[in-house]
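Think of it as A, B, C, D and E in the order they're written, each chain with its own count starting at 1.
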Amino acid sequence: MIMRREILPLSIFGALAVLPLLGSFGSDAFILSIVARVMIFAIAALSLDLILGYGALVSFGHAAFLGIGAYAVGILSAHGIREAAIQIPVALFVSALFALVTGAISLRTKGIYFIMITLAFGQMAYFFGVSLAAYGGDDGMTLPGRSLFFGYDIAASERAFYFLVFAFLVVVYAACRTLVISRFGRVIRGARENAQRMEAIGFSLFSYQLTIYVIAGTLCGLAGFLLANQTQFVSPAYMTWQRSGELIVMVLLGGLGSLNGAILGAAAFLLLEEGLSHLTEYWKLYFGPFLVLVVLFARGGLMGGFKRLTGTGDGR
Amino acid sequence: MLKVEGLEAAYGDSQVLFGISFAIAAGEVVTLLGRNGMGKTTTVNSIMGLVRPRAGRVIIEGRDVAGEPPHRIAKCGLGLVPEGRQIFPTLSVEENLVATAANRFGPPRWTLERIYGLFPRLQERSRNMGNQLSGGEQQMLAIGRALMTNPKLVILDEATEGLAPLIRQEIWICLKALKQEGEAILIIDKNVDALAAFADRHIILEKGRVVWSGNSAALVADPVLKDRYLHV
Amino acid sequence: QEKLKVGIVVTLSGPSAVLGQQARDGFNLAVKQMGGKLGGLDTEVIVVDDELKPDVAVNKVKGLVERDQVNFVVGPIFSNVLQAIHKPVVDSNAFLISPNAGTSNFAGPQCNPNFFVTSYQNDQVHEVLGKTAQDKGYKRLFLLAPNYQAGKDSLAGVKRHFKGEIVGEVYTPLGQLDFSAELAQIAAAKPDAVFAFMPGGMGVNLVRQYRQAGLANIPFLSAFTVDESTLPAQKEAAIGFFGGANWAPDMKNPQNEAFVKAYEAAYNSVPGTYAMQAYDAALLIDAAIKSAGGKLSDKNALRAGLKKADFQSLRGNFKIGVNGYPIQDFYLVQVVQRPDGKFATSLREKVFSDYVDVYAKDCKPSN
Amino acid sequence: MSLTLLYVQTLNGLQLGVLLFLIAAGLTLVFGVMDFVNLAHGVQYMIGAYLAAMFTALTGNFFFGLALALPCALLFGLLLEFFIFRHLYARDHLDQVLATFGIILTLNQAVKVIWGAAPLSVPIPEIFSGSVVLMPGLLYPVWRLVIIASGLAIALLLGLLVTKTRIGMLVRAGATNAPMVSALGVDIGRLFMIVFGFGAMLAGFAGAMVAPILSVEPGMGDNLLILTFVVIVIGGIGSIRGAFIAALLVGLVDTLGRSFGPSILRAFLDPAAASQTGRALAPMLIYILMAAVLFFRPAGLFPAKK
Amino acid sequence: MTAPMLELRGIRKNFGALLVTDDVSLTIPRNELHAMIGPNGAGKTTLIHQISGLLSSNSGQIFLNGEDITALDLPQRARKGIVRSFQITSILPHFSTLENVALAVQARSGSSFRFFGRADHEAALNEAALTALAEVGLPDRANLRAGLLSHGEKRQLELAIALAAQPSVLLLDEPLAGTGPEESAILIELLRRLKGRLTIVLIEHDMEAVFSLADRISVLVYGKIIATGTPQAIRDNPDVRTAYLGEETV
């Protein structure tokens, strides 16, 4: 029997799986690339939701990991290494390392101070990217093509790339789901609620929080790898604070701490951006109020609204 | 002074109060007794407007204030010492006392000096922030803060929680003095024998209903109640 | 009859939106004046905002070429966006025509037969000022640019022709508001002239603060700092300041006079180079389609038509070079207040004639 | 480097600091004291600047323009409060982030629709258009002195308001426990409304005051917003004094770092590497400053007493 | 001779000019129930903070079972068996009552760096948690969100959490405050059962409880221990009467 709370993820992934097979949509490479982009940002948002939604660690520099993942592709490609089997480990490793160092420093602070110190590191990463004159500096760099998988250019077609991203999304989602209900996840959630209480019963939160921060950063690095491949372009613009802010908005829009929400939020954000801006140049005049209305009337973001509609209580 | 009629309250779907009724006259001391979770605090909060009553009336000096916002109700002369103290952490002790101080009815009976006289400990700590106080000091501050609004009716929820015996005795003396001055008092506390000594009437709540009410003599005389609530 | 679709991708949000608007308006004006037809074909113009985010631009552009199946993409304004959209467009069925951004990499070895530029190779504008400084005999020059790739390229461009002493070379953070510190440095260095590359709002702040600091007696040479997009805010503060350009609104030729008049009537502001180059982009497309006999499917014919650039540019002298970048004249321009009270740049002297960018020699066209 | 230049640059640093404080003041009040994360502060600042530009152009006089712009900014703040913010006081910070982010998008776009995308400007008011000689060849506009004076005045005013008045106490109390303040007989809702309106007016005032030296353009508040958050966080949230000192610190570090950083680096590195490193470091300076301050003092320089 | 379970040597803490605990030395043998009383603001809670590691001391040393634990922080000491309750209720409000307690069990049983498996389905954790809840008299509240409990119930939960963390030294900061007379009786009964099985430091203003439970009592006034002794000795001590007990009959 399928539990009710599985309805939503199953329908999301079901729809994503069949989309390329639907005649009219499936043949449209553009639709596929839009949805692939949604899925890439969904991975980034999922990773952010891990720390933001479950750990109440609001990172305002999360886009740095997108950039790191993307630059791993860009820089390696510039040196002729287009093999994903090398690029992905490098992207993940560098992301993890950056997360480890910045996380260890940032976690000394709490609340809004944490937000701002992560912003500081994000900005440093951004300006570092800008100063990389050899790799295009501010202008960024174009990739020669998509990454090769074991020597094969299998991601070249929009459809193949789509399925690749889809597979990554499924794996990341499943991993996150497992993580948050595990013992480890419960400690992270507890730390959000009341750190002092958790320490008083024996949890050294720093190591747990650093671990989740590194996990989140690493996953976002993966999203960066995919993003670079999708656009075949790498630039510091992936790391601006505005981009970090947008990731936060995606998570909040979808609903904090529910994973499904991160996916919904990324989809809603990007599709509305795409759809509205196609209709009118002044699309932000509609998108802005939409966000405000979501906050005022759909507590808990889209997931909050969804839960109230279906009566699936608190998913925790 | 205060009359509560058929008060019902709920948190979301779960109803907690099922028609509470009682009254307090000016200069009267009334207690609310009952085990944990029986609805004492909910009753107090419903009176204050902190919880919106689902049904019933809260009449203060002839006016039904049920459903009005807390600040209006407080302005009718109710001073609350809340459960859990709820000191303002980012205000100093002195600021905690003066920020909401008021005197709405004639010359002030409570001033900073008088509070400090009652709780010298607070004066020693007057520049400290609210959250730097010890538990007992916070309780003193919460009582002082409520008195500084010069209320006609003081409501004390867990009046002496965390207070040392000496201070507890001070509080009882102070409340007796208040009573003498014609102040009405609604009090929740676990020191039933101390309460029995000076309260006029007692109300026992169980599962959100008034199961017994009567005066101190009746309370002390009833062996069942005595066993249940006094533990003597 | 075939229908022509043109996608415009420019920056329409954020502080730099005014540049994108000028380009969009300039293009639309041309289409309107030609009765909604370019090359005699009914023309649909689809405008999208790149938000100055490269990855957003890539998706928008993919939408244009894949979903909307446009024949030409006109854009962008900014070079980092150009880097991102270049590949997806030139690899598709459409031609990319840049009305402003003209980076060095696509002018040199990475030149592409499907990419054309109606503006300039970016360095050339900066070179105008370097050459001017050299020609005017300035010995000591102070350089100021924002700290990003285009800023570095800019100063490199100036130095290509200026052989005197650089008494200060200052890079400011992008988006800086207050230039007090730099102005003090300038005053301390006492240069013969200042060169500044400060686009957009930064330029507005710099120019006004420069004058407020009483430095206006030091000649102010600049690129993309005093132009029709910033002058409405700089006003008197910019009068007498110099810029480098391939055109100015007061250029004397009948087409241009008509264009400026029509633009001002339609959009109530003085057109800048962004508008002019986009207008020319429309003329270029028009000419190319005509020379291909209206056959949009014949890419080679279209390409040949684009190369030929058989139209009368608003700036007069205009050819397309081997790398798809223009060959044209460059001028020193100066800010004036026109009799009607509006501010504009005005041609002063020709600095380069038929100027080919330095990268073109590295371009080996494949066809 | 001459001593005069050092002295002038220090002065410039301080004045940038005061400028930053002027802009951060409203945010200190609403975010630092009322504990409401108002990302829309930046657009309120922008709207103040636009209103000043518009009314100055209409009336031909900056002070008439300012006199009209301030009540409009106040009214605008009150409208925002009435329709949106008051429903969010009791909410999570992140809800406030999302809603005010929506407001940023809307207003940045609306400004462009109303006033166009091109930057606007406001002339320096006639009576303050003079300047003083700072060093040979360099003038210092009197208007900047006026800005500094008003920044200092506001710092003082806010400091007194927040720490010395009943209103200040009640706002601080309400930020941590609004129901309790209400239960003690104070209409905290109305108080918050007033304070919020005042904060909006301060933002508008900052925008109007700097309009004569900075350009007025859509989105002008966005980067400043981040900068003001940096200032407040370095200072320690809730501390007016902290915010003021942090603003000066940021101004000094930024200005001095930019003007003397490269020459200092040249003492350690060869010139090419120095200018390369200098260029990479300069924009990061204030972020490095913030990270360093938070590393050693995780709750800012003047943490609210806990 | 075996080392005492807990030993404080010259513990001191000051906040600015205020000396809150002043050269406190105390030896508590294994399985003693040691009560700590004193006026409000005497420094009792601060002392518990120092023993548990929530606050570091300005000087002095703390020994657990002969081992110097002065340098350990709060969670490290908790893992060594020093578990405390808080005077001002400290729970996880959005977790269920059961999960609040189960987390405490989890903290002491096996690693929590486990990324697989549902923590809330671990029977061992839940059973131990339920037992603790039953002991404090809250068994029927297991599935309620802890934040929704009444004040007194939260106080009971607070104690359950501490018990579930399997302490060898239990530091209780006014466990009876806020509970009603009936619940107080249950908790006193519980403490009596625990007594002799583990070492307990009990801060309480409920003199009836203190004098009926304690093996020994220390009296803290202005940060100094003015007396330590058996309940009878303390009761008869005139200094204690003037400083703390007043007229209260015990």
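Quick note on the criterion: a residue touches a chain if its C-beta (ideal position, glycine included) is under 8 Å from a C-beta of that chain, and two chains touch if they have at least 3 such contacts.
All values derive from a computational prediction rather than experimental measurement.
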item	value
Intersection of the contact lists for subunit B and subunit E	none
Least step count from subunit D to subunit E, where 1 means the two chains touch	2
Chain whose mean Cα position lies farthest from subunit B	C
Most distant chain from subunit E by Cα centroid	C
Rounded Å distance between subunit C and subunit D, as computed from the means of their C-alpha atoms	34
Between subunit B and subunit C, centroid-to-centroid distance (C-alpha), Å	75
Between subunit E and subunit A, distance of the C-alpha-averaged centres to the nearest whole Å	43
Residues of subunit B touching at least two other chains	132
Per-residue overlap in subunit A, given as positions that touch at least 2 other chains	130, 284
Interface hub residues of subunit E, defined as touching at least two other chains	none
Chain-to-chain touches, reported pairwise for every pair that qualifies	A-C, A-D, A-E, B-D, B-E, C-D
Parts of subunit B lying in touch with subunit E, wherever the complex brings them together	11, 34-38, 41, 83-84, 121, 125, 132-137, 139-140, 158, 161-169, 190, 192, 228-231
Subunit D contact footprint on subunit C (complex, rising order)	12-15, 17-18, 21, 147, 169-175, 177-178, 180-185, 187-188, 190, 200-201, 204-205, 208-209, 212-215, 229-230, 232-235, 269
Residues of subunit D defined as touching subunit A within the complex	37, 84, 87-88, 91, 93-95, 97-99, 101-110, 113, 222, 226, 229-230, 233, 237, 276, 279-280, 283-284, 287-288, 290-291, 294-295, 298-300
Contact footprint of subunit C on subunit A as seen in their complex	28-31, 33-34, 37, 130, 133, 136-142, 227, 230-233, 235, 237-238, 243, 273-274, 277-278, 281, 284
Subunit D residues touching subunit C - in the complex, by the definition given at the top	2, 4-5, 8-9, 12-13, 15-16, 19, 108-109, 112, 116-121, 123-124, 131, 134-141, 143, 213-220, 223-224, 255, 258-259, 275, 279, 282-283
